[in-house]
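Below you'll find the structures, each written out as structure tokens.
You will see subunit A twice below: alongside subunit B first, and alongside subunit C after that.
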Partner chain A sequence: MPDLPRRQFDSLIIGAGGGGLRAALQLSNAEASVAVVSKVFPTRSHTVAAQGGMNAALANVLPDNWHWHMFDTVKGSDYLGDQDAIEYMCRAAPQAVYELEHFGVPFSRMDNGTIYQRPFGGQSQNFGGDQAARTCAAADRTGHAILHSLYQQNIRAKTHFFDEYFAVDLLKDQQGYVLGALAFDIHNGEPVVIEAKTTLLATGGAGQIFRTTTNALINTGDGMSMALRAGVPLQDMEFFQFHPTGIAGRGMLITEGARGEGGYLINADGERMMERYAPKAKDLASRDVVSRAIATEVREGRGCGPNKDHVMLKLDHLGEDVIQKRLPGIRQTCITFLGIDPAETPIPIFPTAHYTMGGIPTNRHGQVVVPVKDTPEEPVPGLYAAGECACVSVHGANRLGGNSLLDIVVFGRAAANHIIEYLADNRYHRRLDAGSLESALQRVQRWDSKPTGDGESIAVLRDELKAVMENHCSVFRNEDVLTEGVAKVEQLVERFKYARIDDSSAVFNTARVEALELENLFGVALATIHSAHARKESRGAHSRIDYTERDDMNWMRHSLYSLETGMDYKPVRTKPISVESFPPKARVY
Partner chain B sequence: MKFSVYRYNPEVDKKPYMQEYELREIQPGLMLLGALLQIKDTIDETLSFRRSCGEGVCGSDGMNINGINGLACITPVAGLKQPVQIRPLPGLPVVRDLIVDMEQFYQNYRDVKPYLIVDDPMPEVELPQTPEQRDRLDGLYECILCACCSTQCPSFWWNPDKYLGPAALLQASRFIEDSRDQATEDRLAALEGPFKLFRCHSIMNCVQVCPKGLNPTKAINDIKKKMVKRAL
Partner chain C sequence: MSSAGIEFAELKWRCRRGMLELDILLNTYLEKHRETMSQHQRAVFSEMLEYPDQVLLDLLLSNMRSSKAEINSLITEIQRAQVSTASET
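Right after this comes the complex of A and B.
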């Protein structure tokens, strides 16, 4: 076995966003030794960009309870969410928010000193009744407030951070136990083996497979692809959320909170268009519904601007005070990137790639689960996943706004709690398998040598991939476009084998990092477009113009894509923990 | 459009140098980060810099642009004097090109105990805070740790290991001002002495460059006032 520096910890966490940091804090507080590996300094993680807030039935503004929250989430998921996990999350939500508040999160406040909550899309009182106000907010910087507070608490708890280390691959033994990961220090290129009794993947989403995205450049699906390479299938990857209100053509996110505070969409005729698509919820219908409405308006010629390629989000009627108090961040974003003040001028918006509903399959304890013979969900010993990289699945076919920050905190914590139990039963490190280390090392070393030959550059291949995904796997999909898309992605994967980089330096080699990231993007893109191609129905964010209806008889099941065997399926967990199941119904807002 | 970029790779370069790049086509609304990415993608893959969110919230791409620190991702190239001089943040060791070693900056941040300290048992629900009390955190909690302020501060350049710098002191103020925090006395005591806080001479470079429009000098002065009050 190669002689590499080794570090040993009880638990390894890959990713330092909200999910990873919440788990790390729980583990550090339980006096487990924890290593957090992150390719960026923790507060640069993409949780920082979450704006609108985090759902919990606190009932600070309007009547609410967790069961209504559960109903909305199941309905929002278009009945693909697993109801045990959804019940667990919605019940845990208030406590999760209070804990964050105790950690120091500067939530906005009500006059009586409780946490401020705003209405968000897909929320209702009393199982589909009046609009609820369930989203706990720190102005429109909730993700920033949560991420910084969690990092700060980890400083207090003395969590061990490997900042700007890139995790390459999971390490296993012959019995299939996951025993840590190979990483390298981006500063000097030195590889290190991090041995751990448990490994939690918390690497976030993969919006960078699309050209126009709200996602940061670091959102390259690293953990998802690590799982794929370790033989774990990815679940429900065809369900990619397009956020209705990205700045048109640019992709910057304008929070759903803008509509929660009273903003609404207008088309070229100045019509409040959502009244036609969702008579009751209007602009606060689910995200998939609003995104399809916008795309339809544009397709039917009612788009705004010289190219009729977007619609407008109107906020000016809210008044400058509300905008400055509740939406200061997006106001600044509009001023910076568009040169317009939303307190005076409507914002040009268009649906923009935003959130990976699918991911690494887990149960509600965060354990990664795979089909083994007749068992659809057998835990992989030592391996956990939480947050956007995971698929529990609480979001099913469509995530509700405000449920993502909730997901990362609830399941980061749940995974840590299960890890603590696992550590009690597995006291000693197991021996690594040389083979899994060799293949991981080869993936990095491929980029070490001086460039030779005339392979294509990473940038060219990446741009092409993003364009293919945008053109072939967007809001509306059909058989021909997807078939062509699958072929194109596979051709790109083939071309990537001969790609080259022109930087062989050991010192902060970002070209090498980008090459490894592109390899990860390919894994995610393959899973996404294959799963989309295979699913012959419309459900949630997956809209097929050739199969326009939801087909519960044949398709109320989770997709699983693996590199070795392609598509497989498993049932939805429709049985909650303690309450009656919500059976599938027609979904109207 | 012409750019002149600081280059240094310790593996091969004896000393730093400036390298010229030119981009022929500039899209309207292009930010400096977009220009740097274009250079990296189409001209020179070895040009190294940090970046992530591209919209001014993650704080990765602080750099010195025509002599003034800022975030590349929210700095429009239109209106920048050419050739645009791009250098790493001053006052911290350069790792490579535009990437600086930020450990000292983070160390100072950790030194102020940047976390809420509550000694009493926590309630089952949220700690109460009025909107007015919460308003006192506005202008403090939004910091993104980009280091633009501290690395534009002469007091920090001279004594980075003794003077905490505007970013860390802003964080100190964020917790001193928080009505929920119960360690105010300890926090103020920890800032005693001639260096940690009092090396601030209100030069106000920090205010001028903060990409989030925050005012560390005011935060520092507020702490100073509290220290004086405490001494009386």
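Right after this comes the complex of A and C.
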């Protein structure tokens, strides 16, 4: 076995966003020794970007209860969410909010001192009745407040942090127990074997597989691909949430408020294009309709700009006073990132990838589960996942606003509670399999040799992958487009085998990190496009032009994609824990 | 790698943030000025990177100003670099 530095902990957590930190805190408070590996400083995790808030049926503003929240989440998921996990999450939500408050999150308050709650789309009272107000927020920086509070609590609880370490691969024994990971210090390239009785993946989403995304550069699906390489299939990867109005070529959101105030989309001919796609609602049609309309205009050659690759959002007719008064944030974003003032110039727009509903399959205890023979959900011993990288599945085919922060906190905590039980039954470290470590090490060492030959660069392959995913697997999906996309991604995977980097040094070799990240992006992209190609229906965020209806008879099931065996499926858990199931109905708002 | 190269790589990695907006603004500036930044400018840039993400975003979107004049000048330079890059593309 390679002679490498080794560290031993009860529990290893990979990723230091809200899910990872919530789990780490629960474990440290229970006297477990906990290591958190993060490729960036923990408070620079993507949770910091979540502005909206966190759903919980506190009933502080309007009447509410967890069962209504559960109904909304099941309906929002287009009946692909697992109802036991959804019940668990909605019941746990109020407690999760109060715990965060005690950890120091400064939730906005009402005059009577209780936590303020704002209404969000998809929230209802009494199972589809009047609008509910369920989202707790710390002004417009809820994610930031949660992340910083949890980090500080972890410092107090003496969680051990490996800051700016890159986790390469999971390590196992011959019986299939997951026993930690190989990581390396980005500062000096030194590898370290982190042995742990349990490992929790909490590495967030994978929006970087698309060219236009709201996700930060760090969101490269590292944990998802580590799981794939360890033989765990990825679940429901075809379900990726897009916002119709991202800034073209940049990805940042322009909120629906811009169209709500009277803004409208135009194509290269200056035509108000949404009149053709949605004659009544026009620019206020649902997100998927607007997204597909934009993609169709571009595909049919009516896109704007030299590359005809976007449309324009026109606001200038509203006048400078209205824009400054009602849309100041959008105006500032455009001035800063594009150097244009929307009071004078239209904004270039293209749909932007926002949230990964799919991920590593888990049960509601955070245990990673895989099909074994006739059992669809057999836990992988020692392996857990939580947050956006996981698929519990509470979001199913479409996530409701305010449920992602809730997901990371509730299931980070649930996973930790199960880990505590597991540790009580598994008190000793098991022996690593040498082959598992060797293959992880080889993945890193591949990039250590001096560049030879004329292999392609990482940047070229990455840009090409993102373009292929955008053109073949974003909001415009049909058989031909997806078939061609699958072939193109697979060709890119082949070309990647011969890729090279020019930096073979050990110290701060970010080129090597980017190469390993690209390998992770390829894993996620393969899972996403194969799953999208296979699902012959439209459900939630997966919208196909050639199969426009939801098909519960054939497709109310979870997709599973594995590198070894391709596509497989398993049933949706329609039985909640303690209440009656919500049977599938048309998802009408 | 040279010590200047290592310092640049370290700064580049610290530009990896939790928000896409910061990734774009910080990396655009750093790539544009990597050859011309003085030791002092690199030190100011490094100091600015210590701000939490949300504060950094507020500074870069002109929602607040730093108490340090050097940081404010740098913020203006980063904004200019972004606008000039946007107009080139």
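Heads up, the rule we're going with is that the second predicted complex is superposed on the first by the 484 of 589 C-alpha atoms of A that agree within 3 Å, B and C clash if a C-alpha of one lies under 4 Å from a C-alpha of the other, contacts with A are read in each partner's own complex, and residues count from 1 in each chain.
We adopt the following convention: a contact is a pair of C-beta atoms (placed from the backbone, for glycine too) under 8 Å apart; a residue touches a chain by one contact, two chains touch by 3 or more.
Note that the structure is predicted; figures quoted are calculated from it, not measured.
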| request: Check subunit A with both subunit B and subunit C modelled on it and let me know: fit or clash. | output: clash
| query | Does subunit B (first) or subunit C (second) touch A:Pro583, or do both, or does neither? | reply | neither
| said: I'd like to know which partner A:Ala459 touches here: subunit B for first, subunit C for second, both or neither. | reply: first
| Is A:Met110 touching the first partner subunit B, the second partner subunit C, both, or neither of them? | first
| task | Using the touch definition from the top, say if A:Gly301 reaches subunit B (first), subunit C (second), both or neither. | result | neither
| message | A:His102 in the overlay: touching subunit B, subunit C, both, or neither? Say first, second, both or neither. | response | first
| task | Identify the partner contact of A:Ile218: answer first if only subunit B is touched, second if only subunit C is, both if each is, neither if none is. | result | both
| remark: Between subunit B and subunit C, more residues of subunit A are touched by B
| message | Just checking: does A:Met252 make contact with subunit B only, subunit C only, both, or neither of them? Give me first, second, both or neither. | response | both
| subunit B has the stretches 80-88, 116-124, 170-178 or 188-196; which one runs into subunit C? | 80-88
| Which residues form the common part of the subunit A surface touched by subunit B and by subunit C? | 40-41, 43-46, 48-49, 141, 144, 148, 187, 216-218, 250, 252, 332-333, 336-338, 503, 505, 507-510
| subunit A touches which residues of subunit B in the complex? | 9-12, 29, 31, 40-42, 45-46, 48-60, 74, 95-97, 99, 102, 106, 110, 113-116, 118, 122, 124-131, 133-134, 137, 141-142, 144-145, 175, 178, 180-181, 213
| field | Residues of subunit A that touch subunit C when the two form their complex | value | 39-41, 43-49, 141, 144, 147-148, 164, 186-187, 213-218, 249-252, 332-333, 336-340, 503, 505, 507-510, 513
| remark: So, in the complex, the side of subunit A touching subunit B is made of residues 40-41, 43-46, 48-49, 97-98, 101-104, 106-115, 138, 141, 144-145, 148-149, 152-153, 155-156, 187, 216-218, 250, 252-253, 329, 332-333, 336-338, 457-459, 463, 501-503, 505-511
| request: Over in the complex, which subunit C residues touch subunit A? Could you list them? | output: 1, 6, 9-10, 12-14, 16-25, 27, 52-54, 60-63, 79, 82-84, 86-87, 89
